[in-house]
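Chain nomenclature is as follows: A, B, C and D, assigned in order of appearance, with residue numbering initiated at 1 for each chain independently.
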Amino acid sequence: MFAQLIQDPAKINYVENPAKPPEIDAWGQLPKLASTFDHVDGLFYFTYIVCIFFFVVILGALLFSVVKYRRKTWDQPAASNVTHNTPLEVVWTIVPLIIVMIMFAWGFKGCMDMTVVPEAASRNTYKATAKQWNWTFTYPNHATPSFNEVWIEVNKPVQFLCESTDVLHAFFIPVMRVKRDIVPGRFQSVWFHPIEIGEFHLFCAEYCGDDHSRMYAKVHVVSAEEFATAPWDKWDDTTPALAAKSGESLYKNLCQTCHSVNGTPAVGPTWKGLFTKQGDTFVGRQREVIEGGAKKTITVDEAYITESVRKPDQKKVAESPYDKNNMTAFPDLDERRIKGLIEYMKSLAAAQ
Amino acid sequence: MSHDGHHSIVIPAPGPEFVPHTVAHHFDSPVQEFQSMKLGFWLFLATEILLFGGLFAAYFYFHEAFPETFRVGGAQLDWRLGAVNTTVLLVSSWTMAMGVRCAQTSQKQKTLMFCALTLVGAVAFMVIKFFEYKAKNDHGLVVFSELFSGYNEATGQLAWFKDYDGVMANVPHGHMFFAIYLTMTAIHGLHVVIGAGLIIWIMKGTAKGRFHAGYYLPVDLVGLYWHLVDLIWIFLFPLLYLVP
Amino acid sequence: MSAHTHNDHGHAHADAGHDHGGGLQMGHHHVSSAAMFFNVLAILLVLTIVTVAVSRFDFGGANMLIAMGIASVKASLVIAIFMHMKWDTAINKIVFLSSFLFLSLLFIFTLADQATRRVDHEMHTTRTPVDKQWVHPSTLEKH
Amino acid sequence: MSTNVPVIDAHPTISEPPKNYLNCSRGFMSWAGTLDHKRIGIMYLIGVSAAFLAGGVFALLVRLHLWEPHGMLFTNETYNQIFTLHGAFMVFIFVIPAIPGSLGNMVLPLMLGAKDVALPRLNLLSFYLWCGGTLLATLAIVLGGFDTGWTFYAPYSLYTDQAVVSIGLGIFLLGFSSIFTGLNFIVTTHKLRAPGLTWFRMPLFVWAIYATAILQVLATPVLGITVLLVAFERLYNIGIFDPRLGGDPVLFEHFFWFYSHPAVYIMVLPAFGIISELVTVHSRKPLFGYKLMAFSALAIAIISFLVWGHHMFTSGQSTFAMFAFSFLTFFVAIPTAIKEFSWVATIWKGSIALNSPMLYTLAFLIIFAIGGLTGVILGALNVDLHLHDTYFVVAHFHYVMMGSIALAFFAGLHHWWPKMFGIMYDETLAKIACALIFIGFNATFIPQFIMGSQGMPRRYATYVPEFEGYHHASTIGAVILGSGVALMVYYLLASLLIRKPAMQNQWGGVTLDWLTPTPPPLENFATPPSVTTEVYDYSTLDYESLRTPVR
């Protein structure tokens, strides 16, 4: 009935290798890294100052009264019995009204600037697909997608069309001041104009289930020259060892949320012991699976793993809770990368 | 609970076949009691309106989103049955109003008779509803035996929506109309059943002579409830059977 | 509906005036005449026939308006006469009718959001049908 | 002293203590089956306090877990369940019923000069509905918990394999409990006022509870149908919220916030009422701008129906809706600001007693100022695009809900405790507890404002390491806050054993609740009261009653 309640110390449950934290300014705020800064932060500081002003007024009046008019004897009456002061009441109705209307107009103007996608950004459109619990980024005019990491060019407005295949997520890059909930069943768009090179956080800001907090992606803002080399499309598989290494980094980005490599129970079955090394060859283990409602035993091999990545519901591991849990499909993953993952799985056996 | 020194106010019965009514201890007068109860009940009816309002909002929302689905779906309902049911409810609303009127004028036998007629209306409504549901079931538009069997993600098939005749094949999300139809009419039907129960309770009290010109509050309130049930159907009928 | 009578009640608290809505009034004295109830029923049934008859013709976008208009008239009759709202106290009227007011807020804002979302899409985001494969928006714009 | 209201020592001088609502009858059934509003109020008080402590324990677990970036204690799933339980218990089981259910039930009929609420049976029913709802929520924990967050956003709440139906039905019952309480208070206020107690002579607590009741009656049914629809979705896939079946999750958010935004005011308006009472009594000065205060309570109630969309600025509603909702949202700021200013103006030139209820009130005024002003920051559309769903929002609504509403609840509890039981608690401990709560609270949530503005998203079981320092500060603050609450529970319970008698009119109030014997007799007043003076007229204060101990 109860799932495991207490965290397994073996499973360190957080984002590996996040981006470096941005520098914080004297106000405790994030630095100016994108054009959207002006839309948000100008008004933010304005409201901040207005609020501090009113807070100081209220606090000052309170403290002054408490000190000055403290009751000294138990039967002391009030120093004044004024019940109202119409001009004063009118003033403190009208003045806040004017201030908040300024805030509203300013806020709406900024909001329109941030939601109406300019021509330049719509010509540089990415697709961001959110799933429980990872991100897939598809690049404009480039076939290979990237997972949980995205590269964008500095000083070039960019639009993200966000799509969710399951539940609500939200696309949130704090330093770029952009946030948009991703509603399954339709596209939501977000645009911004990065002006500094660096690595930044991309969070999921709308609660989406168990590993909501691990739904993290790293945003690389790079120079035009570096962008031209398509850094997300580097895949070294010249030798099986290098392929396994590439596979490992992909595993950490994409698969680690649900699959352990050391046998720890997780959402999905562990990769430990998928292959065993016999001499120079790797032999897949026997596994009971459910296909089309019927149980059968298969041998783990490359075809099975490829199918499990692309159509995970085809053959489900017949073991609780994996027979009930659903894995998200990765139809975008190309042969070379799947091969890299398999090499990594095999390297796990070799290491033992 | 005893209340020392408290004089209960008693409304005398108009005749030997009736019993007097004692005003609750915390009220100063029968007027205060009557008005309090009635205000409370109107407030309750307001919450009922808002409760159904959520369903109506969903109806309009999806009517706007999938007009074709609602048009084709509405055509599958039998407007004749709907019209008969509307008539039944309207007539029963009238008998209920007459029942309240007879209670107001201390006419015990007539109150009983009109309440009984209202009850007949409630039963007739539910019987007609049953045949209507059965027809939907036979066409696979709402398969009641499969209602809780869920949704197959792989095939995209909904267990309770089979659509044997394929009438909804060419519209998007054909189940949507029937889901809303079922939910609205089922919750309305539940209110009809509750209303029928209340009418039976009222008839018992009337038979004992508890309700008369001096105290007919429960009859009045149940009457209001029954009219509300009618009121909701007045809107449901064109929305589900006619407009789409 | 001014023809209503209220002379046939043998009520202990019978009072002379019917200045409705007075706070200290009993407010529940009104006993409507059976004839009026019957007339209202007749009107309701006629209106039911009308709404069915009208629905056989297609007025396009006006279908919903016509049907809801007739239903509202019927509902008003039920509320005013059968539910005695016409003779009820002011506060009871306010309470019940305000529920429709607040309900209309739910309708207005929710439906306005839905209606204007479409405008939004046409205005400044790319319209991409979800059922289809993702197509790069620049190719979409060419069509 | 020139008032027609009943005299304090109306009961004859006999050796045994006078009969009051506490000692008039004994036995379990005399409580469980009681129709007396004061006893129902006490039962609510026990219930909501237990719920608050449970919710507080969940909160401490959440804070402890977040001590380390990778999460110290729980698996992510457990963490999600715990923060959901914290939210659901605090919102639905504690905050919404807390003040109306306990203090409202206790004080409202007293203030109106009524013998009871208008519908005593319904009152008891709503208490048992509350119990039923709480039971179903607790049952949901046993059935495996629920991890949807207290907002139940579709479609996650439709897909997750947990006990959502049970908690959903629990919330349905809690909703009807709330509706019936509100309905009862509206009828009581309209029909059971004492002679001479005109609308503008009613204490502001009554105004606040009345405005709350309007919201409870008109908004809660929509929550009822929403949770029912979620339950139906899970039971038979209606599809209206499920995008796989053509439904729209944003529609769920509309339905949910149509209730849950007014619900924020269902929670906060009674707190405003309590504070309005307390500032005048403990400053011994008429409330500044009484009429404007009364109207602003109603204005908040009405406007709160028009602003729910500000919870959905990033959710994908249309630009038009964002425009309208942001515009209307700013209007709520006005009556709220009026209230805050009027409270400060009431204290100004008063005779300010620095006893524990007043200290809690002052703490409220400071914390609510921060909570309200940060709300203005969040109301601005483009700023909200950045701050939405971050710890900034978390801190903001805790400043309003925990900092303001719970503190007002504590303030009211300390204020009316001598009235309810005729005994006093330890004032020194009370002041220490108040200081601990105030310091601990700010230490918990100020770091969260900073974190949030730097982009720390809410509902995270683990986080990136740069936020660790802020989380440490926040957790330490939460422990201080928790110890303050524990101290408060201790001395309040201890006062029930020590039984140090309170004064007949402990604080010098002039509203009807202080003019009946302490503790009140079963039907509240020895003789039916009538009112001839304006509200909060401290020239009528009978100073002797401040020194007459309860017998």
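In this section, contacts are C-beta pairs under 8 Å (C-beta built on N, C-alpha and C of every residue); 3 or more make two chains touch, one makes a residue touch a chain.
No experiment lies behind these values; they were computed from the predicted model shown.
Across C-D and A-D, it is A-D that has more C-beta pairs touching.
When each chain is reduced to the mean of its CA atoms, the one lying nearest the mean of all protein CA atoms is D.
Taking the mean of the C-alpha atoms as each chain's centre, subunit A and subunit D sit 34 Å apart. Computed from the mean C-alpha positions, the centre of subunit A lies at a distance of 46 Å from the centre of subunit C. In terms of their C-alpha centroids, the spacing between subunit A and subunit B amounts to 48 Å. The multi-chain contact residues of subunit C, meaning those touching 2 or more other chains, are 91, 98-99, 102, 106, 110, 114-115, 123.
Chain contacts: subunit D has residues 190, 218-219, 222, 244, 248, 250-251, 255, 316, 319 touching two or more partner chains. Each of the following residues of subunit A touches two or more other chains: 115, 185-186, 188.
Note for the complex: subunit D touches subunit C at residues 190, 218-219, 222, 250-251, 254-255, 258, 305-306, 308-309, 316-321, 324-325.
Subunit C contributes residues 8-13, 24, 26-28, 31-32, 34, 37-38, 40-41, 44-45, 48, 51-52, 55, 63-64, 67-68, 70-71, 74-75, 78-79, 81-83, 88-89, 91-92, 95-96, 98-100, 102-103, 106-107, 110-111, 114-115 to its touches with subunit B in the complex. Partner subunit D is touched in their complex by these residues of subunit A: 1-8, 12-15, 18-19, 21, 24, 28-30, 39-40, 43-44, 47-48, 50-51, 54-55, 58-59, 61-62, 65-66, 69-71, 74-85, 88-89, 92-93, 96-97, 100-101, 103-104, 106-108, 110-115, 166-168, 170, 172, 174-175, 177-181, 183-186, 188, 201, 203-214, 216, 324. Those residues of subunit D whose C-beta lies close enough to touch subunit B in the complex are 25, 34-36, 114-116, 118-120, 122, 179, 183-184, 186-188, 190-192, 217-222, 224-226, 229, 232, 235-240, 244-248, 251, 255, 522-523, 528.
Partner subunit D is touched in their complex by these residues of subunit C: 91, 98-99, 102, 105-106, 109-110, 112-117, 119-120, 123.
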